[in-house]
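The chains carry the letters A, B, C, D, E and F, assigned in the order they are written, with residues numbered from 1 in each.
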Amino acid sequence: MNSNEILLKNVKILSELSDIDRQNMEHQTELPSVNALKRIVELAKQVFFPGFFDASQSNENSRYYHVGANMDEIFNLLKSQVKSESIALEFINRMPEIKRMLYTDIDAMLHSDPAVKSQAEIILCYPFVQAMLHYRIAHELLVLGVQTLPRIITEMAHSLTGIDIHPGAKIGEYFCIDHGTGVVIGETCIIGNHVMLYQGVTLGAKSFTFDENGTPLNTPRHPILEDNVTVYSNSSVLGRITIGHDTIIGGNVWLTNSVAPYSKIMQSKAVAATFTDGAGI
Amino acid sequence: MNSNEILLKNVKILSELSDIDRQNMEHQTELPSVNALKRIVELAKQVFFPGFFDASQSNENSRYYHVGANMDEIFNLLKSQVKSESIALEFINRMPEIKRMLYTDIDAMLHSDPAVKSQAEIILCYPFVQAMLHYRIAHELLVLGVQTLPRIITEMAHSLTGIDIHPGAKIGEYFCIDHGTGVVIGETCIIGNHVMLYQGVTLGAKSFTFDENGTPLNTPRHPILEDNVTVYSNSSVLGRITIGHDTIIGGNVWLTNSVAPYSKIMQSKAVAATFTDGAGI
Amino acid sequence: MNSNEILLKNVKILSELSDIDRQNMEHQTELPSVNALKRIVELAKQVFFPGFFDASQSNENSRYYHVGANMDEIFNLLKSQVKSESIALEFINRMPEIKRMLYTDIDAMLHSDPAVKSQAEIILCYPFVQAMLHYRIAHELLVLGVQTLPRIITEMAHSLTGIDIHPGAKIGEYFCIDHGTGVVIGETCIIGNHVMLYQGVTLGAKSFTFDENGTPLNTPRHPILEDNVTVYSNSSVLGRITIGHDTIIGGNVWLTNSVAPYSKIMQSKAVAATFTDGAGI
Amino acid sequence: MNSNEILLKNVKILSELSDIDRQNMEHQTELPSVNALKRIVELAKQVFFPGFFDASQSNENSRYYHVGANMDEIFNLLKSQVKSESIALEFINRMPEIKRMLYTDIDAMLHSDPAVKSQAEIILCYPFVQAMLHYRIAHELLVLGVQTLPRIITEMAHSLTGIDIHPGAKIGEYFCIDHGTGVVIGETCIIGNHVMLYQGVTLGAKSFTFDENGTPLNTPRHPILEDNVTVYSNSSVLGRITIGHDTIIGGNVWLTNSVAPYSKIMQSKAVAATFTDGAGI
Amino acid sequence: MNSNEILLKNVKILSELSDIDRQNMEHQTELPSVNALKRIVELAKQVFFPGFFDASQSNENSRYYHVGANMDEIFNLLKSQVKSESIALEFINRMPEIKRMLYTDIDAMLHSDPAVKSQAEIILCYPFVQAMLHYRIAHELLVLGVQTLPRIITEMAHSLTGIDIHPGAKIGEYFCIDHGTGVVIGETCIIGNHVMLYQGVTLGAKSFTFDENGTPLNTPRHPILEDNVTVYSNSSVLGRITIGHDTIIGGNVWLTNSVAPYSKIMQSKAVAATFTDGAGI
Amino acid sequence: MNSNEILLKNVKILSELSDIDRQNMEHQTELPSVNALKRIVELAKQVFFPGFFDASQSNENSRYYHVGANMDEIFNLLKSQVKSESIALEFINRMPEIKRMLYTDIDAMLHSDPAVKSQAEIILCYPFVQAMLHYRIAHELLVLGVQTLPRIITEMAHSLTGIDIHPGAKIGEYFCIDHGTGVVIGETCIIGNHVMLYQGVTLGAKSFTFDENGTPLNTPRHPILEDNVTVYSNSSVLGRITIGHDTIIGGNVWLTNSVAPYSKIMQSKAVAATFTDGAGI
C-alpha cells in the first residue's frame, strides 16, 4: 500500500464510531466549556483577593463596579454551563461564605509555616490557596447538584498544584496544606476544623464494596479527621476510619485503623542496612 | 565598573560558547518543535475521543472529513519532525491500535473507581487518560526508532499530571492509575494486563551497573508486573524483580524482591509514638 | 428575593473590604508582574542553553547580539520589578556563575541515569533542569535581598515540575533530582556537592519553635546533607539533622536523626499480610 | 464633586437605557459573531485557492479531507449564524459557482495589468481578490435571504482593501478592480461581464426618492454597466443610467447620464492657471 | 567582507544615534501605549452602544456594574496615559455628551441612506460610526489639552475606515459620511449640523502661510461648512472659505471659493472624446 | 438530496484540482510567510526609529545589542524567505541608506504640514511613514532581484494606510504624502526629490501596449515627476509623461500630457448648476 492508501485505510477505521463511542457521546450531552470554567474561577479569585489579581479592584471606591461586573459574568457563565438559573443564583449567594472559608485557610497557614511573613505572601505564592479556591467553588457546585463540572474544576487545580481534592469531600475551616504535591483527598472524606496536611498525604479508600455485577459501590470509604489533626508528609490514611481530634500522624505512615483523640502515630524506625548489590542500595 | 561595563563584561562571558555548549549543540542537530508535538497529541486526542475535544467530530456523517484532516496533519507534522515519511506512515498505521488500548484503560478505570459514573466522565476529568494518551503515542514512536521526541511527549504529560512514564516501558491492556501524582514508571518496566497503580507509586531501579568508565549501563533494571497486579499509594517497587500475577501491594511499601503470584504485601505496622521535641512530632 | 436583588446583595457584601483585605493590600504594596518574572527566566534559559530554546542564538558570530539583547531585557525587567538598579546589576554579574552551576547539575545527571544519552537530551527533556533554573535564579535574588519574587519564581517551577525548592535553601554543585514529582526542599536546608534525590523526597522540618504569641520562628529546622549523599524515592529527612557525606538513604524512609558518613539507611522490611475486608487490601 | 462622585454620576447616566437603546437592542436580536464570519471567509478562501493559504491543501491526495473539514465547519458556523440549515446547505451548494466566478475575475486581471506575471501573484498580492471573495460570498447569502451578515462581510473587505461593494450589487464574470482604494459600488448596481474599474471609482446614486415621511426609498438608483466597460480612476458614475457595452470612461469624470455602446468619455481639459495666494495653488 | 563583518558594520552604523534621533527621542518623552488607547476606545464603544459589542451589557439590571467597570478602567488607563487625573476625570464627565452626539450621527444616516433598515444595522456595519467614535473621543481629549494621543486615536480609525478626520476639526450634530474611504477633514474645519459627506471628499487647505524661517503657520486654513450642507463623492473643498447653509456640492468638484447659502455646485460637464493611442483612453 | 449528500457532492467538486489550480500551485513554488515579512518590517522599524517602537532601544549604551539582535533576525528571516544568503546580506548592507532616506521623507513632512509640531509626532501618527517604510524596504528587495515578496510587503502598507506604491517605482529623497488614502504610484514611475502628494493622487498608466497574444507589455507607462513637484488631492497624472520640476498640479486634475518646469495646472472651474431631479443634485 502506498501512503495514500495507508492514510485512507486508517481514516476509515478511525472515522467509524463504535458502540462505546456513541454511548460516551450520549453521556456527555453537551460539552462543558473548559474556558468558561477557568474564567469563572479567575473572576472569583479577583473578587475574593481584592487587588491581588486585578489591580483595578484595589480602589475602594470603584471596586463596587468591578465586583459587580465580575459576579454578573460569573452568574451568566455559570447559568449557561449548568443550564439552571436558580443554581447559578444560589452559587452567587454562597460566594461570601466561600470567601470567608478561604480566609480561615490562609490564616491557618500563616500560623503554621515559619517561612511565611504575611497573608499577602501566601495569597501570591502558596499553591494550596489555588487548590482550595478551586475545591471550595467546586464543592459548593456539587452540593447544588451540578454534575461533572466540579470535578473538572478540581482537576484544573490538580494539574497546577499536584493537589487532588475530590469535590465531594467535606472540609472544615482553617484547613491548610503545605507544599501539597501528591496530596489526595477522597470523595467521602470528612475533615474537621484546623486540620493541616503536608505533601504526599493520601486520605483514601482502603477497600471497595461491589454490587452483584462487580461494579464498585459509592459508599463512605474515606477517613474522618476530627478537629486539630495534623498529618505529615507522604502518609496514607485509608478507609472509613476516624482520626480523633488533636492527633498527629507522622510522615510515611500507612494507617488503616481509627485512632483515639490526642494520639501520636509514627512509622516504625528505619534501620541501618547493608547494601550489597551494584552501586549500593 | 558602571552599569554598562558590568553588562558588557557579562554579555561577553555568556556569549562565548564553551566546548560543552558546542558539543550539546551538535547533539541536538535540529531543534524539535514542542508546538508541533503538542499539536500532534491534540489532533490524536480529537480523533480518539470523538466529540469530546472537537465538537465538529461528533457528527457521524461529516466526521470522516475531520478525522482525515487531523490524520493528514499528524502525518505531515510527524514527517517533518522525525525526518522520515515511512515512520510517520507507520505511526498512522498504528493509530487504531493505540485507540483500542486507550479504551481498555478507560474501561478498567470505570470498573475500579466507585466515584466515577461513566466513561465520559473519565475522558473529561481523569488525568491518567492524558498521561496514557501521551505515553501510548510516545511508546509507538520509540518502538519505531524515534529519538528524543518520545521523551518530550511523555514529559508534557508529566508536567500536566505528575505522572512520569518513560516511553520505553511496556504496558499491557486495561491499565489504570488513580490520582496519579508522583507515579514513576521506569524505562525497562514490563507491565501485564489489568494492572492498577495509585498515586506516588514508583516502579524504579534499585541499582545500576556501570561500565569501566563509570557510565551507568542501560540494562533491564525495573520491575516486571504480571497480570492483575494492584499497587497502592506511595509504594516503591524497585529493581529487576517480578511481581507475580494477582498480587496486591499495599501503600507505602518499599519492595526490592520478587514475590509469588497471589501475594499480598503491606508495610509493617505504624507505631504509637511519644513526641518530645518542639511542637510535637 | 429575585435574581437582581440576590446579585446586588452579594455584590455589596463582596465589595466591602474587610480589615484583613486592607492589611493584605498594604503588604503587597505593588503587584509583582508574573509575566515579567516568566520572561526573565525564559530569557536566561535562552542565554544559558545556547541554541536550545532560541535557534538564533546558535550562530557563534551573531550570538553576541542576542545574548546582549536578552541580558539587557533581563536587566530592565528586573530593575522595574525589584525597584533597585544595583540589585538588578548584581544579578547580571552573577549570571555566569549560575550558568556554571547549572552545567554541573546536568553533568551529574548524565552520570547517574542510564536512560539518558546526552546532555542535550537532559536539557530538552528533564524537568529538574527547569526546576534548577528557577531555583538558582531565585536563590541569587533572595541572597541579594529581594522579597517575595524569588518564591513566586520557584513556585512557577513547582507547578510545572512538581519539584518544590524553597529559594532560601543552599544547594551545592553537581546536584540532581530524577523524576522529581513531590520533592520538597525546605528553606534552611544546606546541601553539599554531588547530592542526588529521587522523586517524592522531603527535606523538611520536624518541629517548629514558637514565640510567646504562638508564631512559628524561622530558625534552622531543615537537614544538612553533606557531599555525595543520595536519597531514594519518597523518603522524608526531617529536622536540623546532618546526613554525613557518602551516605545512601533508601526509599520510603522516615528519618529524623543525624547519621554518620558512609551510612546506608533503609526502611524496615515490608511483610506479607492477610487482607480480610472487601476487595482485598 | 470629587472623583468618585463624578464617576458615579456618569456611570448612572450611561447605565440607563434610552428608548433608542432599547429599540436598537430589539433590532439586533442576537449578535452576529464577527469571528465566525471571518472564519467562514477564511475557510472558503483556503478551499477556493488550493495551497495558497493552507499548505496542507496542496497535496492532491489528502486535499479531500481538508476541503471536507473546511466545508463542514463553514456549514456549521453558517447554520448557527443564520439560524437556518437549509440556507447554510444551499450556500454550500453554491460554493463551486463562487469559485468559478472568482477565477474569471483573476483571469481578467491577468490580461489587464502589465505589472503582473501570474495568477499566483494576483491571488497572493491583489487586494481586489480579497474584496471579490468577500463580495461574492456575501452576495450569495443576501440572495438566499440572509440579513445584516452580508453587509458585515463586505465591510470587512472594505476595511482591509478600501473597496466598498454593497452585497446587493449584481456583478458578472471577469470583473476586476485595479488598486481599488476608494471604489464604491452601490446596492442596486448591475454590472455585466468583462468590466474593469480603477481606484476611486464610484458607481453611486444621484438622487433619492422619499416617501411621505421623508424616508428614502430603496429603489433602483445605481448605474447599469453593460459588458466590456472600463472606468478609469476617480470617476463617478451616478444614478440609474446605462453605460452601453464596450464603453471607456476616463478618469476623474462625473457622469450622470446614460451613454451609448462604444462610447469614450473623458474629463474636460485641465487648464494652466495662475496661482496668486500664499504658497501657491 | 564576509557575512559577519557585513552584519557587524551595519549594526554599528545603525546603533549610533544621530542628533536627530536624540532630538526625536526627547520629544517623545514617554511612549504612548497604543494598546491602552485601543482599549479605551473599545470600552467606550461597549458603553455607548449597549449590547452590541459586549452582550453582558444588554441586561438592564446588571448593566450598571459593567458600565461602571468599563468607565473606571477608562479613567485609570487615561490617567496613566495623560498623566493627569483631572483631565481623565473631565473626560469621564463628557462621555454622556459624546454618546448623545454619536446617536445624532447615526440618526442622520438612518434618514439619508435608502440601503439601511435600522440604527442597529448602522451601528454594526457602517465604518463612519467607528470613525466618529474615534474622532469624537479624540476631539474631546484635544479640547482638554492632551497632546499627540488624539491624533493617534483618529489615525487608528483612518487605518480601519479610510476616513481621516483631524481631531482638531469642529463637527456639529447629525453628521454623517457614507462609504467614507478617502475622506479628509482638516484641522481647522468648522462643520455645522446636519452635514453629510460622501467618499473621497476633502475639506482641506488651499495654501499655507509661512513664517520667516519657512515653517508653515498653523492658521485657520480649512473650510467652514454651515448647516445642512451635502458634499458628494470625491470633491475637494479647499481653503478658509465658507459654504453657506443648505448647499449641495456635486461630485468631483474642486472648489476654492466661498458659496452662498442654498447653492448647488457641480463639475463642468464631461465630454465625449476621441482616444487615439494604444488600447484606448 | 439530504444534507450529507449535498455536502459530499460539493466537497468532491471543490477537492478536485483544475488545470489552473495546478498551474497556480506550480507558480507559487513555496509559500511566502506573511508573518515573516511582517516581522522583518517590524524589526526594521524598531531599528530605524530608535525608542519609538521598542523602548529597550532607547538606551544609548545597550542599544547596540538590540540593533544587532534585530538585524540578525532580519538577516535570518530574509535568508529563509528569499533562499539567498547573498541577497539577505546585501539587504543588510543597504539598511543604513534606507534609514537615511526615510528621515528625509519625515523632514519633508515637517516642513510641509502646519498641523505637525515635531518629527516625533510624524513618526508616531502619520500613515505615510508606514507606507514609505514598507515601500523603501520592498523597493530594495526588488532591486536585489526578489520576486513577489516586495509586492506583498507594499500591499501590507496599502491595507493599513490606503497608500498603494508599487515596489518598482523609483522615488527620490524628501518625498512625502499627506493623508494618503487612495494614492496610487505605478510600477514604472520615476519621482525626483522634494516631491509631495496629497490623498487620492494617481500616478498611473494611460494606456497599455499589447503583444500579438493580447498580453499587456510591461513597458515604461507611468509618469516622471522631476524635483519639487506637488500634486494636490485626487488628481490623476497618467502615462509616460514628464512633469517638469517646480510644478504644482491642483486637485481633481486629469492630466495626460507632459508639462514644462514651473507650471501650475488646475481643474477647469466648477459651475453653479440647476438640479432638477429627486432630492436635488
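What we mean here is this: contacts are C-beta pairs under 8 Å (C-beta built on N, C-alpha and C of every residue); 3 or more make two chains touch, one makes a residue touch a chain.
None of the values given here were measured: they were computed from a predicted structure.
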Item to check | Those chains which touch chain F and also touch chain E | outcome: C, D
Item to check | A-D against B-D, pair bridged by the larger set of C-beta contacts | outcome: B-D
Item to check | Separation of chain A from chain C, taking each centre as the mean of its C-alpha atoms, in whole Å | outcome: 23
Checklist outcome for this item: Per the C-alpha means, the centres of chain B and chain F lie apart by a whole-Å value of 54
Checklist outcome for this item: Where chain B touches two or more other chains at once, the residues are 3, 7, 11, 62, 64-65, 67-68, 71-72, 75, 162, 181-182, 200, 208, 216, 232, 234, 250, 252-253, 266-268, 275, 280-281
Checklist outcome for this item: Listed by label, touching pairs are A-B, A-C, A-D, A-E, B-C, B-D, B-F, C-E, C-F, D-E, D-F, E-F
Checklist entry - Taking the complex as given, what residues does chain B use to touch chain D? => result 56, 59, 62, 64-69, 71-73, 75-76
Next on the checklist: List the residues on chain C that touch chain A in their complex, please.
Outcome noted: 3, 6-7, 9-15, 17, 20-21, 23-25, 27-28, 31-32, 148, 151-152, 155, 158-159, 162, 164, 166, 168, 181-184, 186-187, 200, 202, 204-205, 208, 214-219, 221, 230, 232, 234-236, 238, 248, 250, 252-255, 259, 263-268, 275, 277-281
Checklist outcome for this item: Contacts from chain A onto chain D in the complex sit at residues 3-4, 7, 11, 61-62, 65
Next on the checklist: Give the list of chain E residues in touch with chain D in this complex.
Outcome noted: 47-52, 55, 58, 60, 63-64, 67-68, 71-72, 75, 85, 89, 92-93, 95-96, 99, 103, 111-115, 118-121, 123-127, 160-162, 179, 181-182, 198-200, 206-210, 216, 232-234, 250-253, 266-275, 280-281
